[in-house]
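Just dropping this structure here.
Every chain is named by a letter (A, B and C) in the order it is written, and numbering of its residues begins at 1.
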Amino acid sequence: MTDNTIQAPHERSFADVIRGTLRGAGQVMFQDNAWTGLLIMIGIFWGSYFADGKPAPLVAWGALVGLIVSTAAGYLFESRNDGDQGLWGFNGILVGCAVFTFLGNTVWAWTAMILGSAMTVIARRAFNNVFAPFNTTSYTFPFIAVSWAILLSARLMGELPPVGEATAIFPTEITSPELSFTFPELIKYWLRGISQVFLVDSWVTGIIFIVALAVCSRWAAAWAMIASALALLVAILFNADHVDIVNGLFGYSPVLTGIALGCTFYKPGVKVFLYALAGVIFTVFVQAAMYVFLFPVGIATLTAPFCVATWIFMLPMYKLDNK
Amino acid sequence: MTDNTIQAPHERSFADVIRGTLRGAGQVMFQDNAWTGLLIMIGIFWGSYFADGKPAPLVAWGALVGLIVSTAAGYLFESRNDGDQGLWGFNGILVGCAVFTFLGNTVWAWTAMILGSAMTVIARRAFNNVFAPFNTTSYTFPFIAVSWAILLSARLMGELPPVGEATAIFPTEITSPELSFTFPELIKYWLRGISQVFLVDSWVTGIIFIVALAVCSRWAAAWAMIASALALLVAILFNADHVDIVNGLFGYSPVLTGIALGCTFYKPGVKVFLYALAGVIFTVFVQAAMYVFLFPVGIATLTAPFCVATWIFMLPMYKLDNK
Amino acid sequence: MTDNTIQAPHERSFADVIRGTLRGAGQVMFQDNAWTGLLIMIGIFWGSYFADGKPAPLVAWGALVGLIVSTAAGYLFESRNDGDQGLWGFNGILVGCAVFTFLGNTVWAWTAMILGSAMTVIARRAFNNVFAPFNTTSYTFPFIAVSWAILLSARLMGELPPVGEATAIFPTEITSPELSFTFPELIKYWLRGISQVFLVDSWVTGIIFIVALAVCSRWAAAWAMIASALALLVAILFNADHVDIVNGLFGYSPVLTGIALGCTFYKPGVKVFLYALAGVIFTVFVQAAMYVFLFPVGIATLTAPFCVATWIFMLPMYKLDNK
């Protein structure tokens, strides 16, 4: 996952720091590549200004600030070299996306977001230590833990207006209209499944993200496409909630599971391919289950379904790729 | 827990495979014995066709298919020999019971159940790795995790009709009539506490299960009876919810805790006896607490209270039986 | 954390046992000192009889019985010497406080409280084993697990009347009046943030607790004051729920985090000071988030926000104090 040698802490040039920062955007989808990160940032800005639904420019600026703050926090506080691979920034950028997808634009929302982004550096090291004995890591869970803390707090804190959060309801009150769609619509749902990795609702951004992945790894690009398509198929076959399908909300967690299992933690191969497909399908159910579980508190699952499903597929520590 | 020598993977006869499959039914209650498994299957079929409440034949067929699918998945995918002790099947059989206790009879419910049963093989290895450092295992938690994913998803997926699931309510809205009963009724509640281990509501099945246990281990049969009786006593003394008492729903988790602590993971003895009694009592409260916690999402606790309570009693790693 | 040499189990004098018991009260705030424990008991009795709100004498008697029962259970059942440092009693005393803050005065509530207090000895050893690989412990989590089991069960058990429990609501229904206060009022909120560590609502008790801490450790007293003040500031700046601020409910978890990080698990110093401040701020958000998360089940967070936040700050295993 590295494409250059690690440098001693105080020998980084400005370009090194920029590269390390951009890689944070790439590492959300497991790509240690600054160009991938740059394209992803472009995709986020495009998709937040020209969203398929309501524009949400704040999401892009939150992402940028979260990425910078968390990477800077890592360089300042951490003795390890993870930052050069973008491993400090990938949680922070998502905190920025999540906070401004769900909260309004106040000074204190920005404060919470900035503190939260920096906090992911500590949380990541904490959770990674927990997973270290099992040869795996915490993935995006530091982002999730910190963001849930902020998004739930928003219900009790007047300066964190939960303008984008859902109304809490009982799961048994869910009603969903029948799904009907044309083929071009289906393509949009599929691409939104990829853009929603960064909480962006834009099929164009989905295309930009595929290109961003392909720059670093064609397998990753392929898995993003396969996983979003398979997740969409499963969601449609089981007649899952219409609104969530349309907005790509059954896709983004499986996309991450697919890239993680299919070509990041295992080397591509037949066994690994089938295993990752199973992981993608399972993620759709974990996604639906977590949506339902969180209905009574009215917050989003974020990428937790990906984390939970991928942990369950990584913890067995199967040797699938070294035959 | 084994009663024969482990065989090399490809030297199994058809009879070996049948035995390994049936042991899966026995291992739900920690018995590595094909006859126990067979009697349990008979008990499940009897109890689902001639239930004390509404007949639910699908539960028995789900159990059978889940048992076969998960055992087959283990033989196909796993390199370890756990299957000969029935350790692949005990989660799968429960997935079959749970899915058709709560969901309707659709092609996609069967699909989810079959995929879920196979999935428990992966989940079991994942969770067992987590508990390995503490000299204990994941018990029935793979079944719980997979079944919760399916049962929660059912609220969002039109092809998984949650016909048997509870309506979500606030716990503070619970009202329970006073409990009054005759002695013969009390005996039925006590036996249902045993039959509900497999989500079966039948006092006759409770008797069959006791016989099934006694075939392999008289201690296990004794602990099933002791635990269900003690749990019933605690539930009545604390005036717990009438409906749950009548249906044996305070009994099944303590039954499993009793067998686990009293004669499976510890050798029977005075200290172990008292420790297992404490475990059984604690399980009643964990059971009630988890019921309440899940009210707002309207799903069942399954055997999670047993897992949680037994973990808490196993994790201290007390040496109670080797003095 | 010890101020005398550990003695062989059967050589304890009556005074040793009294000291070990009182230290249990002190260890809730990490102080291995019998005088601290005695002052804390005095503070609890004062604050429960002369509460700022409604008097709740039962809380003090519950605390006393819980402390004695759990310490006795430890001396009877445990082979380790933890009791001389008060490490058996600190969970039991809190169970006593919590049960009678939320439940009514029935024989069965006392029974549940006494069994629960004893149970914390087992639960503590279980959870400590889980955290041992990470060089940290379970803090007050045994108290939380046992108390949640009892407090949730109370909704289903007629003999455990949940007279002090909140009505379950959706978090999106929370409405909070604007906060306005005079300076003397602010001082009371600040001191209640300290008294609420033991679920006591009394600014006088807050002062007694500060004195109790200072007897053993001036740093601990300082951190209690700093943490409650900082938490109050954060809660006010973010315009958090008025009622919770007034009752000190944003203070008690940060107080414990501050003492834990600032002067218990790390030696005081500049880096540690800043790290503990960050921990205190983070705890406020975890506190608010857990309040919201538990709204639909209508139970209290107890000290869980402190545990969660402090684990996240301890698990990275930073070396902050040995430069």
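The definition used in the following text is that a contact is a pair of C-beta atoms (placed from the backbone, for glycine too) under 8 Å apart; a residue touches a chain by one contact, two chains touch by 3 or more.
In this text, all values refer to a predicted model and were calculated from it rather than measured experimentally.
**Q** Interface overlap for subunit A and subunit C, more than half of numbers shared or less than half: same or different?
**A** Interface between subunit A and subunit C is built from largely different residues.
**Q** If you fit subunit B onto subunit C using only Cα atoms, how far does it have to rotate, to the nearest 5°?
**A** Roughly 120 degrees of rotation.
**Q** What's the distance between the Cα centroids of subunit A and subunit C, rounded to whole Å?
**A** The separation of the two C-alpha centroids amounts to 36 Å.
**Q** Subunit B: which residues touch two or more other chains?
**A** Those would be 133, 296.
**Q** Mind listing the subunit B positions that touch subunit C in their complex?
**A** 133-134, 170-174, 176, 237-241, 244, 278, 281-282, 285-286, 288-293, 295-296, 311-318
**Q** Name, in rising order, each residue of subunit C that touches subunit B in their complex.
**A** Listed in rising order, the residues are 108, 112, 115, 119, 122-123, 125-127, 129-130, 133, 145, 148-153, 155-160, 165, 167-169, 296-298.
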